[in-house]
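In what comes next, chain A is part of two complexes: it sits with chain B in the first one and with chain C in the second one.
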Partner chain A sequence: MAAHVNEVVLPGDILQELSDSEQYPKLRLGPGLRIDVDNVVVCKCGILRFREPSVFWVDTHQKRYVPVKGENILGIVISKAGDVFKVDIGSSEMATLSYLAFEGATKRNRPNVQIGDLIYGKLLVANKDMEPEIVCIDSTGRSSGLGVISGGFMFKCSLGLVRKIVSPDCQLMKLLGKHMPYETAVGLNGRIWIKAKTLSHTIAISNAVCCAEYMSKKQTEVMVKQIVSSQWT
Partner chain B sequence: MCTMKKAAISNAEKDFILTCIKNRRRVDGRQAYDFRNAKISFGQDLGHCEVQLGDTRVLCQVSCEIIEPRQNRPTEGGLYFNVELSPMASPLFEPGRQSEFGIEIIRFLEKTVRDSRAIDTESLCIVAGEKVWEIRIDIHVLNHDGNIMDCVTMAAVTALSHFRRPDVSVVGEDVQVHSAADRDPVSLSVHHLPVSVTFAYFDEGKYLLVDPTEREECVMDGSMILSMNIHRELCTAHMSGDMLLVKDQIIRCTQTAIVKVSELTDLIKKALENDRKARASGNKCGFAETQRQQKVTYLKRDVTEVDVSDKVEIPEITLDETEDSKDQAESLVVLGKGTVQVGEGGHNTWLVDDVQGVKPVQQKRKKKKKHAAKKVKDAGSSEEEETVILVPDS
Partner chain C sequence: MTSQRADCGNLELRSQSCEQNLLSRPDGSATYCQGDTSVIVAVYGPAEVKQSKEFLDKATLEVIFKPKVGIPGCSEKFQERLIRNTCETIVLTALHPRSSINIIIQVMHNAGSLLSCCVNSTCMALLDAGLPMSCLVAAVTCSLSCDGDIILDPTSQQEKEAKAILTFVFESRDNEIITSNTHGIYSIKQYYSCVEACRKYGFVSCQSPLGTTNTVEQ
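Up next is the complex of A and B:
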């Protein structure tokens, strides 16, 4: 394993060990790293991460979303323009959403989408030269959980926190769910939607999630316990 | 002129925030009259400070320059405010020319700090009609999470009291500016510290919150900003949005503002005192010092105490006032374009109200305007009877 893993790296740092091709024949670079001539150069400040066999990326604190193809995101419908909706997904440009990209939608049978609705969708097109496009169906035409979301509450948080929450070793959501049942949709664009039974549950969950960004496993457990105990007293 | 982009807010958020407010709760667990945690830190330079109000952050730098005074005020120095709303603070801010919101902030600062004579501008005069100090206050909004106005005012006032200008001596025609090594820089003469408090109104003025967050600002009907000093002198009242307020509500807000202003003034004074002590004892000071201790997790959000129990703690907000105000709101009389009258006098709208059949309002009005009636039958239970008997006083 390379020397700088789990350490802070800064833009312009050259990772010498990764640059030697013998050690990692199939090197995979994630966000925050790029190849400049023969060197692997850091282009974001954050913590260098590594996963077997040879995947490297930089964990950063970031709030502005850059669309990535295939990611699930939460957006707000801003306008209807002909046969597409314009959806705000927090990126520099609005995403488009075709009215045919819903389960069971045909030219006759239009989906019921209003301005201001929340959309849980998947990015179909995301590259720097085109405006992003989202869909609410998978390749087989099923919604598979995507679509218009009603009720509940959505809040914004940093992209790092969202990634932490969706990672399989984060117990926070499960722990909270044991005590307060709730529905959730996590958008990788830094938006989380939550729908719990009562108002106070929703507020508690949203605050717990926001606070958990830099907490260790132990700390999250303690926090959840605190919330739950204050709940029943 | 470019305007600020409108924030995208979903119906779900809007509904949730409104129901929360109606249930006397706030999304971040605060009570209606609570401010978020405020934190003031100082840079290494004098007159350089950063104010955080929750996640809203503002950086302020004060500098000075010798200029020629204005013709009509030859013995007064100037205060110049500049506010930068960079796109880093929020995607809503666009680069380029000053937005309407930016101008609103600058104007508000001018009203609050300059026009309330918080700074003695006469003492900034060096040679009358020729040379005066111009104090320049540059404010950068680093992060926008609502209530920029209060944060900016706090930053400006703190930085101005922190600032020291170089000493000058005038010998005949010659003006000599002394360096800091030569003579100790002198502080500005600050008469009082105006601090502002923002009130956000929801549901036609029925509910009221202090220190709204960015999301709450998206939902609110309008806001009123009161700036005051510790002596309970009102410096500015600034209203925006489309809503009507009743006199009682404004007076009630000033009562709340008095409490909040004294808390914030204490905070500012304490921060200034701490910094003065640190500088006097030769300790290291400045942003670098505060940053180093907090490591990577500098941006970590402070844990907020959230009351998750289902018992509803009703803070003393507008509950009784709302019923009251509702009644009064219905007695608003439009006298002409942009003019509205509340309460007695003016045109009578009895007949209009009777059609709507609002009984409790009617009864109340009956008491108020007894003098307007020529004679009142005691057992006037039906609405129609009343309208026949009573005659408008105009």
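Up next is the complex of A and C:
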């Protein structure tokens, strides 16, 4: 494993080991790294991460979303334009959503989508030169949880926090679920939707999620305990 | 000598401090203090762009400079332009075409060396926003007194008494100058000695953890 993994890197740093093509013949570079002439150069500040066999990326703190193909996102319908909806996903451009990209939708049978609705979708096209496009079905035509979301409560947070929550190491959502049942949809564009049985549960869960950004495993456990005990008294 | 500073010598910088992510609404923010000079910078972007300002191959970079009191005038517009040109050389705008990056600089207090403080603060805010950059920058201001002495990071009193004020911005990769801004009269020899005096500090403050020293970034 290369040096500097799990260390802070800054823009302009040259990663000499990665530039050596013999050590990593199938080098894969993720966000925050780029190739400049023959060197691997860091272009974002953050912590360098590594995954077997040869995947490298930089974990950064960021608030603004930049669309990435295949990511699940939460968006708000802004307008209807002919056969597409314009959806705000928090990036520099509105995403488009075809009315045929819903489960069971046909030209006759249009989905019931209104302006202001919350959409849980998947990015089909995400390219810096093109408008992002989202869909609410997978390749087999099933919705698999995607689509219009009704009720509940949506709030925004940093991109680092949503990535932390969806990572398998994070127990926060499971711990909370043991004590109060709720539904959730996490969009990787920094939006989280929650639907719990009561208002106080919704508030408690959203507060717990917002507070968990810089907490360790132990700290989140303690926090969940505190929240649960305050709920029943 | 009256212009001698109490806190440190003439060839040293005043104490510096920085705080990032202190504003909740912008995508990136930072405040930077050099002695009593302090500015706060907010960065928005990549965000939507007006059609008239859109570039098909790169992001539009805009800098808004807000003085402590009053409305921005000619000199503020000049500073905006200077900072924008500096940022355009380090931000990889080609990675976010048809979008805009807005940088808003608010002066909190001007006690000399304002331009270098603005540049340093902008760099920290860009870092916080997570925008792709080719390298970091560090700016150092120095002034030449009437008897030809170099004073680094001058206070406003020292700036008033100075014969010339020179500001240099260095990038972190090769430690080369990317911006040079001067006021007043000086000889070519004096210019080069100022560059070398400033470079010494621009280099230290721009070193990454992968190198040996790291003062500003922590």
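Here is the rule we go by: the second predicted complex is superposed on the first by the 233 of 233 C-alpha atoms of A that agree within 3 Å, B and C clash if a C-alpha of one lies under 4 Å from a C-alpha of the other, contacts with A are read in each partner's own complex, and residues count from 1 in each chain.
Here is the rule we use: a residue touches a chain if its C-beta (ideal position, glycine included) is under 8 Å from a C-beta of that chain, and two chains touch if they have at least 3 such contacts.
From a predicted model like this one, the values you see are computed outputs, not experimental measurements.
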Superposed partners chain B and chain C on chain A - clash or fit: clash
Touched partner set for A:220, first chain B, second chain C, both or neither: neither
Which of chain B and chain C A:76 touches, first, second, both or neither: first
Touched partner set for A:93, first chain B, second chain C, both or neither: second
Which of chain B and chain C A:189 touches, first, second, both or neither: neither
Chain B versus chain C as contact partner of A:155, first or second or both or neither: first
Residues of chain A touched, compared between chain B and chain C (which is higher): B
Chain B versus chain C as contact partner of A:64, first or second or both or neither: both
Touched partner set for A:8, first chain B, second chain C, both or neither: both
Chain C collision site on chain B, chosen from 27-35, 45-53 or 261-269, when both complexes are overlaid on chain A: 45-53
Residues of chain A at both interfaces, chain B in one complex, chain C in the other: 8, 61, 64, 92
Chain B to chain A touching residues, read off their complex: 8-16, 19-20, 23, 25, 27-29, 91, 215, 296-297, 299-301, 303-304, 306-310
Chain A - residues contacting chain B, complex: 8, 47, 61, 64, 76, 78, 88, 90, 92, 114, 116-118, 149-155, 193, 198-204, 206-208, 210-211, 213-214, 223, 227, 230-231, 233
Chain C contact footprint on chain A (complex, rising order): 4, 7-13, 32, 34, 36, 41, 43-46, 60-64, 66, 91-93, 128-129
Chain C - residues contacting chain A, complex: 21, 26-28, 44-49, 90, 92, 95-100, 127-136, 171-173, 208-210, 217
